[in-house]
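Both of the next two complexes hold chain A, though its partner changes from chain B to chain C.
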Partner chain A sequence: MSLTGFVRFLRQSLQRLESDFIQAVGLDRSLGPALAVNGPSLLPQPNNSSEPSFLDSIFWMAVPKKRRTIEVNRCRRRNPNKMIKVKTNIEPCVQCGNLKLKHTLCGFCYEKIQKETSLIRRQIQNMEGRPLNTPAVETVVLFENETPGEADQGKRIVERSRKRPSWFNL
Partner chain B sequence: MRLTLRALISHGRVARRMGLGPESRINMLRNILTGLVRHERIETTRVRADEVQFYAEKLIDYAKKGDTNEKSMKMADFWLTEKDLIPKLFKVLAPRFENQPSGYTRMARLPNRENLDRAAMAVIEYKGNPFPPLFPVKQDNELNLVNQLLKGYREEQAQLSATESKS
Partner chain C sequence: DIYQIIHYSFCIWTIRNLRKCKKCQILAPCSQGSCLHTTAQLNTKNWDRKNRIVYPPQQKDEPPRPAEVFHCRRQIKYSKDKMWYLAKLIKGMSIDQALAQLEFSDKKGAIAIKEVLLEAQEMAVKNHNVEFKSNLYVAESFSGKGKYLKRIRYHGRGMFGIMDKVHCHYFVKLVEGTPPVVVQKTPFDQAKEYVEQLRSRTIIHSL
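Moving on, here comes the complex of A and B:
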């Protein structure tokens, strides 16, 4: 709608420019001294007032020739390349049975590990006191009723006040 | 005949672009690497974890050369922005991986992040960290019915062979 208005505006401004130019040069006959003549004094007026029809328009726009039938539309919309692809890489996790992608960790099992890790880290933070206070020793995590073994000599011991979970044993 | 512009096509280019430019990429990787050395296990996007893995292993290689090596100390000083991690690197991480030639880090993929961006995440860790293992070792439970039956069978066989050897 605005495009046709814009086209009309362009056309009118071009015509205005043209008439201004003609007046400036002096080729315009309509403003000359009116001679006393009998007879038709009507001089041929330049054709400014008629509406610009689309056939005169300089712009030819691309337009659909025919209505797309529902059969053709269905063919395009239901074409396999537009459908959602089937994923064949989903499998159940061996430990918990939730679904996971192949080559990816199980979200449920990782949640458990993440919670435990954050609790261990909080304990470490309490032990260190202030930030940027890492000691230059290894760390080992011990649960309830566990004593440090011979491999744990010289390591910083992080105590966790719960039973050792079944999935944390190394 | 070459019809295409070499600069606009990136077929076969392996160097990744991250952040605002090469300097920004190095700064970003430096921060991630510092976090990794401090916490020994971190979660980031897959691409960042992949990039940092190379730098993490190279840092350990430099650390293995020793505390007194000037180049190693300069590298550690550049790459670790928190300076209390430099003693940890040389005294904890380097001795831990003394006997291993390579492969000090482990990267595992995670499900996509829960945010609107659904970014592909990964967890990267130094091996030998004190946290629970990402890949739990599968342990057969002895208290299963099948395992108990098999145990009973094995004991019976042992008894039979014992009585046969006696007689």
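Moving on, here comes the complex of A and C:
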């Protein structure tokens, strides 16, 4: 927020308060008659102030009373519930030896399978040509020097020109 | 003429023997880079220079001095307070444990710290005569404030604020050996120590 704008509205609000106070006490002579008149000195004053704007209602908002000291801040920031907890569920993957979380798949192994899968998908895309051209038959992936077996009759064959990876079981 | 010669030789003498100290802006006698005022301007990247110290060879009766590697990364795009939590996490851990924790941390700064640790490990093995790369532990690890960029953040009603684009530095010191076991002090022990400290007070100038 701009400091000058804030100071400006503070001054305006203070002036308004001061004028209200003076009118309430009755010291304001600007609106009353010059001669002494029997009657209430408090004349009904027109509401010359504008409707309470957002900047005025700021006066009655919750605000910190005192600056929070660095000791108090440190107690809050270094509280054990805010510190990062040490994970105890990290273990090495059996296949590749990289680390993994107990309930999760190994990231390295998943990455390598993803790469192979994307190549197979690209091969399928080349075979199909255009989208929505999938035949209504099962698919089987065959690697180098592999022939379709008995169970693979009537299936669409996707050829991959590499040796069968050890993790891709028949 | 004679005055010019005197002036010229005086200039030569001042250039050779007196140097203007950068901090206090006064001429002070110094030779070959040595200076009375050793702490110069603010831009001192001291952590990088710590790797350059070379100790003389140790005698046989001295206890073996473990190898130390200092590494840092400057101007990481992350908050120094948030980075401090990660630095506090890995302080005192062995390097393998630290790398494991950082790998599975969800924080953005964990990636940067992991790279720094791996670089430092490689430096230790290559340049600092460390035999086994797993035989290291994190002795010191902390974050510092980097240089902030300032931008304008627009608020309503024509108000504006200045937004800081925060950056931080990260410093780490790896030491060879197994991490030292830190004895956890219980609150009861702390209270006992406090009471003992109060009891051991003496009144000076008394009978």
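Heads up, the rule we're going with is that the second predicted complex is superposed on the first by the 92 of 170 C-alpha atoms of A that agree within 3 Å, B and C clash if a C-alpha of one lies under 4 Å from a C-alpha of the other, contacts with A are read in each partner's own complex, and residues count from 1 in each chain.
Keep in mind that, in the parts below, a contact is a pair of C-beta atoms (placed from the backbone, for glycine too) under 8 Å apart; a residue touches a chain by one contact, two chains touch by 3 or more.
Everything quoted here is computed from the prediction, not taken from an experiment.
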{"item": "Touching partner for A:140 - first (chain B), second (chain C), both, neither", "value": "first"}
{"item": "Partner chain in contact with A:121 - chain B first, chain C second, else both or neither", "value": "first"}
{"item": "Broader residue contact with chain A after superposition on the shared chain, chain B or chain C", "value": "B"}
{"item": "First (chain B), second (chain C), both or neither touched by A:103", "value": "first"}
{"item": "Which of chain B and chain C A:59 touches, first, second, both or neither", "value": "neither"}
{"item": "Touching partner for A:94 - first (chain B), second (chain C), both, neither", "value": "first"}
{"item": "Partner chain(s) touched by A:84 [first = chain B, second = chain C, both, neither]", "value": "second"}
{"item": "Touching both chain B and chain C, residues of chain A", "value": "101"}
{"item": "Interfacial residue positions of chain A with respect to chain C in the complex", "value": "1-2, 5, 77, 82-84, 86-87, 90, 99, 101"}
{"item": "Residues of chain C that touch chain A when the two form their complex", "value": "81, 85-86, 88-89, 100-101, 103-105, 107, 155, 158-161"}
{"item": "Contact footprint of chain A on chain B as seen in their complex", "value": "38-39, 41, 82-85, 87-88, 90-92, 96, 108-111, 123, 130-134, 136-139"}
{"item": "In the complex, chain A residues that touch chain B", "value": "94-95, 100-101, 103-105, 107, 109-110, 113, 116-117, 120-121, 132-141, 158, 165, 167-170"}
